[in-house]
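A short worksheet on the structure shown next.
Chain naming follows the written order as A, B, C and D, and within any one chain the residues start at number 1.
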């Protein structure tokens, strides 16, 4: 995880002396920093979007824990999927998720991404989100209160701190499974087609 | 608006007064456009509030309801007509009301009604949709979604509610019996002591 | 000399980030919440440096942030910190105000190059907005600086600082110039109502839309260094420099908090409205100050 | 950058800080001037109307409040009133008063939410922090009254589901006092903010002549000086017994709509105060209704309207002789505002105005596509 810190002379010396395992220490420190600073891109895929503003504004102040909203998926560490996903939305969500930079995490709100929730028989919403993209934290309830959203963030921070295996690692390790599921549901055309000039200029915007 | 009936005598239709602000007019499909224009020009129902559709599969027709409002927005008339389900077609009225364009687009997608002369019959809410229009009653949404995305399997420690209820009730009854027996035995002991 | 420069850069990095944390805290308190810890910006930058991957679009994309960092570091080097102690007055004797004004424009140009390589429409829009705004921002600032140069008839910052010991602070001697410079400083710090390039509701993050991981961290670091340099420059030019570190922190903080308070109660202008405003009010004030200097000395 | 000369296509949304909810506007830009705008919805399509065909009356009642997330109560009221009209139920006066109170509370909450969005759309980050918090206090009262913060499921066919808690009206009037103080603060910081005036005046002007014919509703209509409000024109519940007036403006631009909404806050505070006075102490709140399998709707259809905080919302409901609802179609205010009006207003405006215009039209995607 410490790609940012390219090996310094001091580190090498300490390694040789064998007194301390700087690698482990460095990883631990980096994980702590990563858990203390979480950039969120909030994708209002459903009803839960109405509880996003209270979570991030002055009553339940999520910025206390270093949870800050950013505008673009490039800069984000966490994407919040706030509720059920229609197939049309799932395309965009997959695209957004793949534009995010590793390490990346997913938090979903509400019961609908878990098992369809009250839309269990709807022809346009998916039932199991973790067939298509890996989910790190489910915050369930219809809809989850801001307190529980914040609790979900705290849980995610704990998991980052302990260095447990996160969703993006699962996604990389068995990519075929996810891709095949996405193809099955979305009928092959996962990415929305862009007619714009900008996306023909050297793969701009598409990671 | 009470003289609505007298004014509409010459056209063959039935007029129902739901309440003092809501009327319902049932008209044949061929008189529809002339009646709508008459409502606009003569009776002052200038606003098209919504186009409602329902699928009466028993009669094999789609029932379309145009809800018009007066300029004061205090009276509503529901102009209702019905068309056969097979390759259903309706005259497009987006030239009269621009907002009809989007309503007709939705109806075209959800019900599969065709509107000749409509400029933009593109996707409304669905994307890459190959099935039959979803708002038809013979489209089974549960079967469709189950074929596409099965339910999540139950947990290992999942318990059948009915069985559990029965078991709990039995346990409660057993406890009650035990308690009664103890009571009886106590009382008997007491009697023996005396 | 080199050691001093490195020390200077580290000082600017730390102080700039602490100021940014302070900015977030003050904003939060005004908005009625606790806000993050004051070291939050350090956490953010270290986290961004340690991201596993950062999308890049060719070598020019790498070059852009580096050019920006170079611009801000050079700006910092040529700004004298203290009045008459040689400590940390690293390369000031070689440079003067004109060089500084040139260096301050270097960053946005590098940014434009990188974003052009990224090829994101929102990024390009943000750069176009930023450069257009820069024209409006720089004219009042240049007028103020030219006024000071005429008044001191020397373009050496140290000389201007020494002069203020006898005449008193420039913000009292030339108040018009000070007001004009402060208004354009609000824009230089990207505070409302001039935060047009990175307007989230319009162009996502503007120029930074495609930057991620290390690039974003580098941008943040150079931003904090640049902010510190600008604050010190204003203190040197108008508040008569500083004798000790505490005086420096106090004066820069005063300027910074003023800018925060201005920025928090205003919305965001549209681009042409902002340029229109900057071309009218601050220019007028600055010109009045200039005329005042030329005629009445 | 030669591409910037010819028109480029921007997808404003669905994931965008400046978009109201999960929809997207496809913009053709030259520079930053919009040549052509097209709205795309369907990211939130759940097929509610299909689901309701498969539910009984009582089960459908849990669905309707999800139709518009920011203000569920007008949907519940509409649904309940449509079912009562079809089934011939008559609800008691106290239930009517409580429903009116809930509707006005929801209107206040939604208007505070709108203020946050409108201020955020011009980058004034201070107002959302305050107004969302103020809205939360109203949600606390909702939680006490109905048991839920956002989805209340309170206006049940045949009355309301719960009795008023002890001393609820007192707490409500305390909150109203607080709101009256706050509205003065917002007036100084937001509505009189020079930047907001500079940006909002003269932007997104609605043509007054076509407003009535094209079925524009709510503040969009009232900001053009046309006094239309379902609460006055087709009174329902207790609105004909309450004393309030309809604020109007004449300019028809974003700023006029903002002022209309501000005055509506004051008006609904006034309505709530009257309700607190007139609330009957006793009286049953819920009619005796049949079991949900026996709840049969006749084979008729009806059409009901409610004034939400964004305009008139209409329900068309048709029953067939079974316990299921044959058809329930929603016509929210956003349907026409989001397509016909928005696509017209955005042409030749700037990219900076998109978020502001959408917010001031009060577009709520989930009720466009249900």
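We adopt the following convention: contacts are C-beta pairs under 8 Å (C-beta built on N, C-alpha and C of every residue); 3 or more make two chains touch, one makes a residue touch a chain.
From a predicted model like this one, the values you see are computed outputs, not experimental measurements.
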What's the chain with its C-alpha centre farthest out from chain C? B
Look at the interfaces A-C and C-D and say which one is made up of more C-beta pairs in contact. A-C
Whole-Å gap between the CA centroids of chain A and chain C: 34
Any idea how many Å lie between the Cα centroids of chain C and chain D? 44
So, in whole Å, the Cα centroid of chain B is separated from that of chain D by 21
How many angstrom between the C-alpha centroids of chain B and chain A? 37
Per-residue overlap in chain A, given as positions that touch at least 2 other chains: 57-59, 71, 88, 121-125, 196, 198, 201
Got the chain C residues that touch at least 2 other chains? 31-33, 121, 200, 204
Going by the touch rule set out above, which residues of chain D reach two or more other chains? 8, 10, 16-17, 42, 45, 47, 50-51, 54, 129-130, 133
Touch relationships between chains, expressed as pairs: A-B, A-C, A-D, B-D, C-D
Touching residues (chain side chain C, partner chain D) in the complex: 27, 30-33, 116, 121-122, 124-125, 128, 192-193, 195, 199-204, 264-271, 273
Looking at the complex, which residues from chain D come into contact with chain B? 41-42, 45, 47, 49-51, 53-54, 212-215, 228, 230, 233-234, 301-303, 305, 312, 314, 316, 318, 326-327, 329, 331, 335-336, 339-340, 369
Which residues of chain B touch chain D in the complex? 18, 21-22, 24, 46-50, 52-55, 63, 65, 67, 69, 71-74, 76, 78, 80, 97-99, 101-103, 123-127, 134-135, 137, 139, 141-142
Chain D contacts chain C in the complex at 1, 4, 8, 10, 16-18, 32, 119-126, 129-130, 133, 189, 193-196, 198-199, 350-355
Okay, in this complex, where on chain A does chain C touch? 1-5, 30, 33-34, 36-37, 39, 57-59, 61, 63-64, 66, 68, 70-72, 74-75, 77, 99, 101-103, 196, 198, 201-205, 207
